[in-house]
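Shared between the two complexes below is chain A, which has chain B as its partner in the first and chain C in the second.
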Partner chain A sequence: MIKALFWKEWCEQRWKLAYGCVILVGFTLIGLRSRLTPDEFIVIFASAGGSILMALLVGMGLVATEKSEGSLAMLLALPVRSWKIFAVKMVMGALVCAVPIVGCMAVSLAVAGGREMSANRIAVAHLGGISFSVIMLVWMVAFSIRQPNEARAGLVGIGVFMGWVFFVFLFVKVFYKRLDLVLWGLVITPLGILQFAASEGQMHTLWAVIVQAVMLIFLLLWGGYRFGKEGRSKL
Partner chain B sequence: MNEPAIKIEGLHFSYGRKKVLRGVDLEVPVGSIFGFLGRNGSGKTTTIKILLGLLKPDAGVCKIGSLDSQKDVMKVRQSVGYMAEDQQMFGWMKVTQIIKWVGSFYPGWDEKFARELVDLLELPRDTRVKNLSKGQNSRLALLLALGHRPKIVILDDPTLGLDPIARKDFLRYVIGLLQSNGVTVFFSSHLLYEIEPVADYVAILEDGVIVKTGKTDELRQSVKKILLRSAGDIEFGGVGGILDVAKMGERIAVTIEDYSEAKREAIEKKSGCAAVDEVDLNLDEIFEAFVIGNRGKKVKV
Partner chain C sequence: MRSRAALLWKEWREVRWFFIVGAAIFIAWPLIEAVSNYRLWQNFYSDMPSGMVLLFGGFFAILVSVGATCRDLQENIVCFWQSRPVAIWRWAVTKYVMGLAVVLTVLTVPVLMQILMAGGADGSYKRAGGFASVLICHTFTLILVYSLSFVVGCLIRSPVYAVIFSVALAMLVYFLPVLVPPLESFSVFNIIMQSPLEITHLAFQTQGGPWFAEKMRVVKIPWADDLALRYNIDLLRYIAFALVGSFAAVVIAGIAVKRNWRLKIGQKLMFWLLGGVGMLLFLTVVFQLGSNLKCVRQMPVTSDRGMSARAAIACEDSKGLILLHDVWLDESSTGRDKYRLWRFDLSSAEPISKEIVLPVQVPPMISWPGNKAAIAWSAEQPQLLYAVRDSQSEDKADGKLKLNAAELLTISLADNEAVVTDKIDLLPHIEEPRGLCEGMCICRDRIFVNLSGQLFIFELETDGKPILKSATKKRVGICGESGRRDASRQTFATMSIGLVPGEGLSVQEQLAVSVELTGYRVMDIEGDIVVETNNDFIKVFRLKEVRDDIATLEMFGYRSPTALERLADFSPGQVFLRDGFAYILNKSADFGGLTVYDIRGPQIRRVGHYAVPNERLLAIAPLPDGNILVGGNKLHIVAPPKAARTYKAQSN
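Let's turn to the complex of A and B:
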């Protein structure tokens, strides 16, 4: 049963996975080999930019596509618990977000490990990217579950991301004289994961991981509950 | 006494403030083809969704055999064959793929039977679902509902969107496959003429309540239209069971529920004129009388 659900998700997501791998790994490989910019720029751009791109790409289609095509009703009427369907979707979504960035990390380490950046620094930056991508995916899916199509789900995803950005801007504006407070403010948003991964602020990174993990659990439970209720929307 | 295949008691349901079901009571006998009739938006799909545990009622109990549709959701879905209204499936899957995939969710899935159904329902095995015609799509949905050999099949407006030929074909398949095997079929539709020849029992749902239920033949015999010739206004207050009063040229047509000679005489006495004719009604006309009949019992001539 679970195997069948994974197979379906794999068939639906594999083209996005292939697209992400080609675009991000290709960009990293060409960028690091050509040496037109510092390695750090390529690494940060691929891990941070790639994480946002993949989260949007996957999050848009995870539930909304099935909803717009009408197959979600059939899926939810099968003799399988809706939370299992949701869990499989999230696991597969997270893998599709993570694998291209893992590919970037492998290429970065192989081509530029220890050249301008230490291998450890490269790995931490990419792990931050993977974490951010998964967190953004969960936020996006939890908030966009009621959206009727991919475009609307994508708008919700962009809205969530911009919401974090505005929050950070506001926080910095209010507490700009207290750097310690600014850093703690970053802990609240998933952007902190990216920032701390890039700057290796270990104490704050730990707190950011704890705060985000708690939020993630809440969002997954909330999203799973809303997903289960999706069959109820039509008279 | 045999346990009914489906039993619904005091079912209430609201979408927000909108009350959709307001005390639905229903019993579907084992082995019958049960026509669940109602206009669009009358609450048929909502009732079916509650039966399958897809919706939680505000009040009331639904039972499929001995299973409670809210407490034994997975068992209910495993034991029932369900075809949704305008069922959309995964367009990228091939016919054989979707059959195998859906089969993996049912412990009692009969692969051999499913293969036989593919031939019987004339489905192209290697065609993607998105490339199937509407008729083929409906037949595939029927196959997916029957592959685990359920004893109860729930079809929610299964012929919606089909042309008349495809509709006829579909019904032929349903009857051929199910009627002889003792399967209970709960068939919702707003197309009365397609229910009439196949249903043993019917229930009419209107505005969230069952306004009439019974054997199709008995219903046909119990509801009659009598024609009266009248020159003046007629009022039928005090006469029970009048479903509709309408003017038809120089005649007044009165549709009566639970028709009897006594009722006919009461109407003749009340109106002061003799009935000139008595007409049998088809299910379409009976449905219309129950749903939109003029129960004002008064007509101006």
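Let's turn to the complex of A and C:
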């Protein structure tokens, strides 16, 4: 049954995978070959921008589509525990988010590895992008799991992202004299993962990974608990 | 409550959340920053609003219009509205007007705030003028984007798909005119960069006003001139385009609602459409700015650089010199000029020599008119470099700048060390020592120097020592230009160039030396073709006649930079011609590089580009094998574009 669920998710999500691969890998390839801007810009734009795009694209269609199309009830009626269905959706969603960025990494390494950025930096920047994409997907799904359609799920995703940005902005403005505190502010939000991957901050990166991993587990448990339960967002 | 007021009240209730969130983002956020800046520097100012509105304003307009339309056009609600005794157009127009009011309030108030803060921050309104341009030009773009999204919302009726479709349309509205040259009059960025308010202000000035009015295309409106209304014609055209487009969109939206038109588009198609538009725009940028010339070889010259670097390459066959000029800041943050020199031989295994240390002299050692260094080097005497050294100071008598040093230096480069072996003081030969060196070149064992309105000619002896042969008061270089504009904005012009004396030189050589001595203009010559370029144009001239040491050239090719090129800071530093192609080096810090133009016909076409991000290319020189040498921190040997190779093969 799990295999069948994976197959169902694959059939639903594969066009998003193709879309991400074509757009992001195409952008990276053209950008790096044309040498329009420094390699660093293309690498960070593809990994960071791609991670946000893929998380929104996948997060919108993972649960909310099932609700709006009315297929969630049928899915829950299957002889499988609901958390397993949720886990299959999240695994497939994470893969769809990650694979296009892995493709960008491969293209970046092949075209521009060691040219302006070392291969190691390119890999770290993309790993940051993959991590961020998965984290954003989990946050988005956890908060939008009871939204009745894709539009609302998408708005929740944008809201979550803007919330992080606003939090960091406030933190920077309040603690502008304490760089160490600003860095800790970044650790709390997933934006820190992107920032530290781009700028190779060592100790804070480790803390960011630990903090985000703990939050991720909590959000997954919360999302798994609420998946398939009665109730609807009041928004 | 009357039905109009009731409709307005209903629409306000529906869009008020957009207003609150929009105000929090676009108004409160910059205010927080301004307060923070006040705490730091006692300066109540925020840089954010105009940037935020330019970046995200269009997206906010899309969200409001889609939010306003899609909710009420759902199947069950639209039937209700059709059953009410309210004309459908009134309902649609009220919705449109209320949404537009929210968009304009949220997006114009922060820019107005910024204009006020900028005025208060530095006591002048000069900086505020730029923000006012953003306010005036971009507001009409917002109206257009909002109107287009309104139609999309009425036709698609699904919020997500409508937003995606509208984003794709907005991207086309914002960026397609920047990228496609024939549409550049409809580019909001282009109009903002023209600073229409400043232009209009300048056009009113008595001195220089008419010149500005003509150059910046400011038109008089007969009935409005008394009210001091005079506008840049591009801005007027843009406003008309935005308003007509918006009106058309509202009419279509009204018809769509009345007749219940629908556009059924699937999710996949929507995303592919958005991605496709993004890729199309990106590819158009790449086609105009991306690099397509092949780098044959790269050789590092130096890794450490100062500020505002310049470079010169003197090259014959495969040998030559590269001279770098940097400004380094010392401990007291005072700029210190530093000249560094390398010899290169591209045919040897180690092409770049060790750095040749130049003697430090104050004031700066080598004159640098425009983007060219006043140096001369010949492969016949590879150990010798000739350079002009000059400096100015303020004359206490009349307060004007006066030349206080002018010398021709002969520098020996033997043993990798630069030693000044000879100096010829030129100051006693100058009648009015007012201007710096304008150019220097070497031709047929003679050195020509254009200095302070005089032409100096030196003969080189067999050991390379220069002997001053003549110093005449003669205007060399461009001595006259004329032109007119026709309805298609094309500039037809002739140019007169004062030639150097022709003893033993052909007319083409005279012209070549004269062009070389015009250091402050970016020009080059090949045969009887001359190219001149600057931030505003590339002009190609052909020699028409020579009379009394004056060459008259007639323009036959013209190109002005596209909107995208202007956005990427088109600023030519050096140019050379070869086989009917102009190789122009753009010294822009971000998008600099070598660009090749086909100048064989009146339509100048861009045929190739070479760019190296993170490295500024500062000097170019042709190589005998057909390749191009480009210098900066590294020497790059670049292959010419395919069109140039094919043309050369056909001519041979």
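Basically, the second predicted complex is superposed on the first by the 228 of 235 C-alpha atoms of A that agree within 3 Å, B and C clash if a C-alpha of one lies under 4 Å from a C-alpha of the other, contacts with A are read in each partner's own complex, and residues count from 1 in each chain.
Note that in this section a contact is a pair of C-beta atoms (placed from the backbone, for glycine too) under 8 Å apart; a residue touches a chain by one contact, two chains touch by 3 or more.
The shown structure was predicted, so the numbers you read here are calculated from the model rather than taken from an experiment.
Q: For the three-chain model obtained by superposing on chain A, do chain B and chain C clash or fit?
A: In the arrangement built by aligning on chain A, the partners chain C and chain B fit side by side.
Q: Give one of first, second, both or neither to describe whether A:26 is in contact with chain B, with chain C, with both, or with none.
A: In the superposition, A:26 touches chain C alone.
Q: Just chain B (first), just chain C (second), both, or neither: which does A:39 touch?
A: After superposition on chain A, A:39 lies in contact with chain C alone.
Q: Just checking: does A:116 make contact with chain B only, chain C only, both, or neither of them? Give me first, second, both or neither.
A: In the superposed model, A:116 contacts chain C only, not chain B.
Q: Which touches a greater number of chain A residues, chain B or chain C?
A: Partner with more touched residues of chain A: C.
Q: Once the two complexes are aligned on their shared chain, state how close chain B comes to chain C by Cα atoms, in whole Å.
A: Between chain B and chain C, the minimum C-alpha distance equals 13 Å.
Q: Spell out the part of chain A that touches chain C in their complex, as residue ranges.
A: 15-16, 19, 22-23, 26-27, 30-31, 33-39, 41, 57, 60-61, 116, 149-151, 154, 162, 166, 169-170, 173, 176
Q: Contact residues on chain C for chain A in the complex?
A: 25, 29, 32-33, 36, 40, 158-160, 163, 267-268, 271-272, 275, 278-279, 282-283, 285-286, 289-292, 590-591, 611-614
Q: List the residues on chain A that touch chain B in their complex, please.
A: Contacts found on chain A: 1, 3-4, 7-8, 11-12, 69-71, 73-74, 76-81, 231-232, 234-235.
Q: Spell out the residues on chain B that touch chain A in their complex, using ranges where they run on.
A: 15, 20, 41, 43, 45-46, 49, 52, 54-55, 74, 77-78, 82, 84, 86-93, 101-102, 104-106
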